[in-house]
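Okay, got some structures for you below.
Next come two complexes built around subunit A: one with subunit B, the other with subunit C.
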Partner chain A sequence: MKMSISKSINRTDAKGKIWGETPYLGDIAFDNPLYVKTVRSNQSHARISAIHIPTLPEGYWVIDKSHIPGKNYMKTVVSDHPILAEDEVLYIGQPILLVAGPDREKVYGLSKEIRIDYEPLPAVYTLEESEKQGMVFTDYTLSKGNPVEAFSQAEKILQDEYSTGLQEHVYLEPQGMAAEFKEDTVFVYGSMQCPFYVEEALTEALNMPADKIRVIQTTTGGAFGGKEEFPSLIACHVAIATCVTGHPVILIYDRDEDILSTTKRHPSLVRYKVGLDKNNTLTVLDIDILYNAGAYAGISPVVLQRGIFSSTNVYNFQHIRVRGRNFRTHTVPSGAFRGFGAPQSIFAMEMLMHNIAISLGLEPIDFKMKHCLKQGDTSCTGGKIHDKIILPELLERALTLSEYRKKIQTHKPFTGIGLSLFLHGCGFTGNGEQTIRGKIILQKKGKDVLIKVSSVEMGQGADTILRKIVAHTLELPIHHVQCEVRDTGLIPDSGPTVASRTVMIVGGLLQKAAEEMKSRWDTEENLEISKVYHHPDFLVWDNDTFTGNAYPTYSWGVNVAEVAIDPISYAIQVKKITAVYDVGRAIDERTLRGQMEGGIVQGMGWATIEVMHADEGTLVQRTLTDYKIPTSTDIPDIVCDFIENPYEFGPFGAKCAGELPFTGPAPAIAAAVSNALGIPIKELPITPEKLLEMKNDED
Partner chain B sequence: MVNGYHPKDLIEALKIRAEVSCIPLAGGTDLMVQNARGTGLSPNFDKPLLFVGHLPELRHIEKKEGFLHIGPSVLLSEMLSHPFIPETFKKAISQMASPPTRNLATLGGNICNASPAGDTLPFLYAMDAELILENHAFDRRIPIEEFICGPKQTELKSDELLTDILIPTTLFPVSYYKKVGQRRGMSLTKVSFHGLAEIVDGYVEDLRMAFGSVAPTVVRSRDCENSLIGEPVSTLKSRFNEIWELYEPSIQPIDDARSTATYRKNVCYNILKDFLTHLENIKEIYNE
Partner chain C sequence: MKIECTLNGQRKTLDVSSTRRLLDILREDFHLTAVKEGCGEGECGACMVLMDGKAVNACLIPAGNLMGKEIVTPEGFKESPRGKIIEEALIEAGAVQCGFCTPGFVMAIESLLNEHPHPTEENIREGLSGNLCRCTGYQMIFKSVRLAEEKGAGLW
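Showing the complex of A and B:
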């Protein structure tokens, strides 16, 4: 009998990384390279009136917008971010010039000597102010049922408001790129999630065809969405610099520079007006979602879409209207970050449900479960949920494992327990998967098989998992299955490594290809099979009206958080998180647990200790001394369990898993803090400073 | 390029100190961070470095004539495993930085860095610790309170080194330490407090209270302490607001990237109250 696919194997990348043998970008040697340093805006919003450049020693360059062969913007969803500033700068840290030269010391020195004169322009820093001034990038509305009439029939109408803050990715390896010219082709190397995004951006910036550009992913030390769209910008920087100078160039950010200038999680504000009937059932919701996109729109429209489509979380409401808006502020642009807009709107919804239940004197679990989606119900976009929903089983398991019902009755002062329900839409939002039409190639040479995909290993275990899917299907030892280097000259575009799509979509295609290969294995020595993604026919989507199946399917989770609060400092200690998930089926249980535990810790950081705010456009927490992420001493006891619910269209029944675990901890911890102190929590991060203030206001 | 001197002993170190303007470097965990520049660039020191971490004369832990002597180049990790170091001091040290940093960081570095958030300082202030400063010809003895005059400012002269730290061996039966940081490990202090007391027959015989991170230097209100010495412990709780009024003016915290002034002040209030309540609990234990 074949072993279960879920049985853990060693990560194929573990040994090299643990031994320090795996080279990262910074370890790669180039011939006579130049080092590049970015000169940035120190103004939130200003017109550049003059640039004073010192006399440059021989072999040193200053590169500006006039050196860009193609268009001066970074290609993404909304291509509005200039590669190098034109006459205006919109945030502190915006790239204006590049200094390149052979000696790092001199390059840094020159970059400091450059003087830029600015005429300051009025700047807007907060979401509220931006709303007042109507600085809106995107404005979407969707509705279901008849909210107007439903409000008129409501027994009770409530209003509420929730907000969340900035978050920095803190991938272990800061952003970096290198480039060189070989014959007539530009080679760009770097840490990234999406080699073809980078390639596309380069074709536009360099005004060169894609076959003259090779993008090669180097070992990527973590990404979390931070290396989704942002690397395209610095890839353009190094590619332009190599074109101008004729030398290989290297650009690697320092941690502080990375914090200052790279994208962050969107701060959010969610306003509710909701109606209840006489049975205390929520019948109608009006949800107003505001995301702070920062200075440029970039990828924010899609982040906002996921935020809107996830805004009713696991609940089934008959009448809803959701409005979602992205706003401009003169702060560092927001971008992709694990969860991609969903954690913000789900936090707000979970806390709304929690707070309404508490205010009605109901147990939050009962109030929540009364509204839960069931198989055959429709989502907020009216898409029918075709798959089996096992949320009640997940909940029961979580309640049992955590002893929630006993603990909620007996908890001591300053300790609390709280629960969250959540989901994640698997794969790209809306018609994303149909547009990308991810393509994979599986090659057989004798006894060996090569996987060709653009989905990258970035620390999450993708290489191991994809190889395992193929090896398992072909019944081969895993070392006979390898992954091709992510070099756009050698691989097809299986899509970006985002949206928790790698296993379900790309792994699914690989499984199909491997099955076909198996049937031809004995007769053909060499074989190449390619597969292109086809969306299941029964899924419908209208992108103009936002109706239909926003996602092919969903993964689900339940978290129970237990906290202890220090009565003196109000510091929150998360003692334990019990987490139960439906991700279809685990391809590898240990790697999956790694994702879950990492996601829980990152979600806990967002909810509690990761404080970041800007004062008039200047980030206050600019270094890892001041911006804190959880350390090993902060990690709670984590109990993690899965209930299988295989998905017909995923490989071995697998659905999505990478982002899901991020979403659960914040609302569970907030509910637990609220339980411990008897105060409602409506804002993230939950800091001891705010708790102490709320308690003092209460007295 | 950064130049450095690696003297073989203290005499040579003090000779270099007398002749060249240089920066003493023990573990470098403050200096290297403060002077770090970009990736691939060496830190930027405007003067040559004088390495002192290895000097044998600065690495002692011994008891002599009523004092515990600790060499400034003793590592924090060495202090944690040494039997002479009071447990309550170890409690503070064990919450500093992380094990790898504690394997480099020294006590002398923490003192001479003179940060209001230096975590060894409240204990040293509370204990009336004294320092020996030496140049090639003389040495002088100075209370820590006089040595540190502001953030990053000390009385150290350009030809001197800190060569010894003296802590009276007095034992306090009641001790209390609290560090409030943003997270549990590797966190600079928002507020810290070291309290020490001796209670005899229900009366306060001796009392020391020192706060870190709430003013330019560690705060120790001797007026307040003196006003409580000789008082019955049982009255401290009811008199708390009066005590707080005496203490409060010396607590002058600021808003910064780590926290707010209001929060810091509120936490000081809670800590002081908890400490004085704690004293009473100890008294109850004595009465049993």
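Showing the complex of A and C:
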């Protein structure tokens, strides 16, 4: 009998990484490279009036906007970020010039000697101020049912507000890119999630056709969305530098530069007006979502869309109006980050449900479950949920594993327990998958098989998992299946490595190709099979009205958090997280657990210790000494379990998994803190200072 | 200045400025790239090496402090029996994701087990607290320490 696909195997990339033999960008020796340093704005909003460049030694260059062969913007959803500033800068850290030369210290020295004169312009730093001034990038509204009438019939109307803060990715390998010319082709190497995003950005910046550009992903030391759109900017920098200087160039950020200048998670503000009937059922919601996009719009419209479409979380409401807006502030741009806008709006919704239940004297679980989606219900975009929803089973398992019901009755002062329900829409939002139409190639040469995809290994285990799907289908030992290097000259565009889509969408295509290959295996020595993604026909989406199935399917989760709070300092210790998930079926249980545990800890960081704010546009936490992420002494015990609920259109029944675990901890921890102290939590991160303040206000 | 030290079991005479970071000496002069730079400020542990048997951050050690010291990098530890056990344990526990932190953790685990062949949970948490991992959530790394303790009984 064939082994279950879920049975864990050893990761194929572990050994090389353990001994540091697998080269990351910084480990690759280029032939006499020039080092590049970025000269950045120290102003939040200003006009550049003059640039003073010292006399350059021979072999050193200063590169500015006039050297850009093509268009001076980084191509992405909204291509508004200049590659090098024109005459205005919009945030501290914005790239203005590049210095290149053979001696790194000298390059760094020169970059410090460059003086830039600015005329300061009025700057806006907060969401509230930006809203007041109407600095809106994007303004979307969706509605379902008849909210106006429903409000008129409501028994009770409540209003509330929730907010979340900045978060930095802290992938352990800082961002970096290298470039060189070989014959008439530009080769760009670096740490990235989306080789074809980078290629597209380069074609515009260099004004060169794609077949003269090769983008090659190097081993990527963590990404979490931070290497989704941002690498395109550095890629443009190194590619332009290599064009100007004629030398290979390399640009690797140091940690402080990475923190200062790369994208962050969108800070959010979510306002509610909701109506309840006489049975204390929520009948109507008006949700107003505000995300701080920072200085440029970039990828933010899509982040906002996911935030909007996830804003009713696991609940079924008949009458809804959701407005979502992205605002400009003169701060570092926000961008993709694990969860992609959903964790913010789901945190708000979970806490709203929790706080309403508490204020009505109801047990939050009962109040939440009364409103839960069931198979056949419609989402906030009116899309029918076709698949079986096993949330009640997930909940029961989580309650049992955590002994929630007993603990909530008996908890001591300054300890608390809380629960969250959450989901994640699998794959691209809206018609993303239909537009991208991911393509894969599977090649057979004798007994060996080669996978050609653009979906990258960035730590999440994609190489092992994709190889496993193919090997398992073909009943081959895994070493007979390899992945091609992610080199845009050698691979088809299976889409970017984002949106938790790699296993479900790309893995699904590979499984189909492998099945076909199997039927022809014995008769054909060499074989190439390609597959293009086709969206299931029963799914509908209208991108103008935001109606239909925003996602093909959903993964689901329940978290229970237990906290202890120091009665004097109010320091929060997260003692335990119990997590139960429905991700369809695990392709590899241990790899999946790795995603879940890592996501939980990252979500816990966002909820508690990861404090980052900008003071008039200047980040206060600019080093890893100031910006703390969880260490081995901070983490809770984690109990993690899965209930299978195979998805018809995923490989072996798999759905999405990578982002889902990030969302659960924040609302569960907030509910636990609120349980411990008897105060409602409406803001992330939850810090001892804020708790003390709230306690003092109460007394 | 000239500095005598031992690097991965070999005696070396370094001719470097006394302020040059050990991290740069290892990566640039000796191409020992298992020693990673994650922060350059002593916060992440990706650059960890053993100095006289204790785990230290190579980014914080100036060449001037190396006189007479014995330095071991992951490259020099790889073929040792304890290295093999830690490798096996990390793989079996699923403790490697993006891998950028991993060589540093190898050094930290070696140093931890050296000091506490049978570590308590507290010992493990403390012993690994100088190494950041953003991918795994640490739990599987804890497990790898337990596995190494078991598999390598008597080695530490």
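To be clear about the criterion, the second predicted complex is superposed on the first by the 699 of 699 C-alpha atoms of A that agree within 3 Å, B and C clash if a C-alpha of one lies under 4 Å from a C-alpha of the other, contacts with A are read in each partner's own complex, and residues count from 1 in each chain.
Everything that follows uses one rule, which is that a residue touches a chain if its C-beta (ideal position, glycine included) is under 8 Å from a C-beta of that chain, and two chains touch if they have at least 3 such contacts.
Model, not experiment: these values are computed from the prediction.
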**OP:** Classify the contacts of A:D254 with the two partner chains as first (subunit B alone), second (subunit C alone), both, or neither.
**Re:** both
Subject >> Partner with the higher number of touched subunit A residues, subunit C or subunit B >> reply: C
Original post:
After superposition on the shared chain, which partner residues are touched by A:E616: those of subunit B (first), subunit C (second), both, or neither?
Top reply: neither
Subject >> Partner chain in contact with A:E644 - subunit B first, subunit C second, else both or neither >> reply: neither
Original post:
If you stack the two complexes on chain A, which partner ends up touching A:E105: first (subunit B), second (subunit C), both, or neither?
Top reply: first
**OP:** Give one of first, second, both or neither to describe whether A:R11 is in contact with subunit B, with subunit C, with both, or with none.
**Re:** second
Original post:
What is the contact status of A:T219 with respect to subunit B (first) and subunit C (second): first, second, both, or neither?
Top reply: second
Original post:
Of the partners subunit B and subunit C, which touch A:S632 in the superposed model: first, second, both, neither?
Top reply: both
**OP:** Quick one: classify A:G26 as touching subunit B (first), subunit C (second), both or neither.
**Re:** both
Original post:
Regarding the shared-chain residue A:E161, is it in contact with subunit B (first), subunit C (second), both, or neither?
Top reply: neither
Original post:
subunit A residues touched by both subunit B and subunit C?
Top reply: 26, 174, 254, 625, 630-633
Original post:
In their shared complex, at which residues does subunit C touch subunit A?
Top reply: 27, 31, 33-41, 43-44, 46, 74-75, 78, 86-87, 90-92, 94, 96-103, 106, 124-126, 128-129, 131-142
**OP:** Using the touch definition up top, name the residues of subunit A that touch subunit B in the complex.
**Re:** 26, 35, 37, 104-105, 108, 174, 252-254, 257, 567-569, 571, 573, 609, 611, 620-622, 625-626, 628, 630-634, 688-689, 692-693, 696
Original post:
For subunit B, which residues count as touching subunit A in their complex?
Top reply: 33, 37-41, 98, 178, 180-188, 190-191, 257-260, 262-263, 266-267, 270-271, 274
Original post:
Given the complex with subunit C, which residues does subunit A contribute to the contact?
Top reply: 8, 10-11, 13-24, 26-27, 29, 169-174, 219-224, 254-256, 458-461, 590-591, 593-594, 597-602, 623-625, 629-633, 635, 638
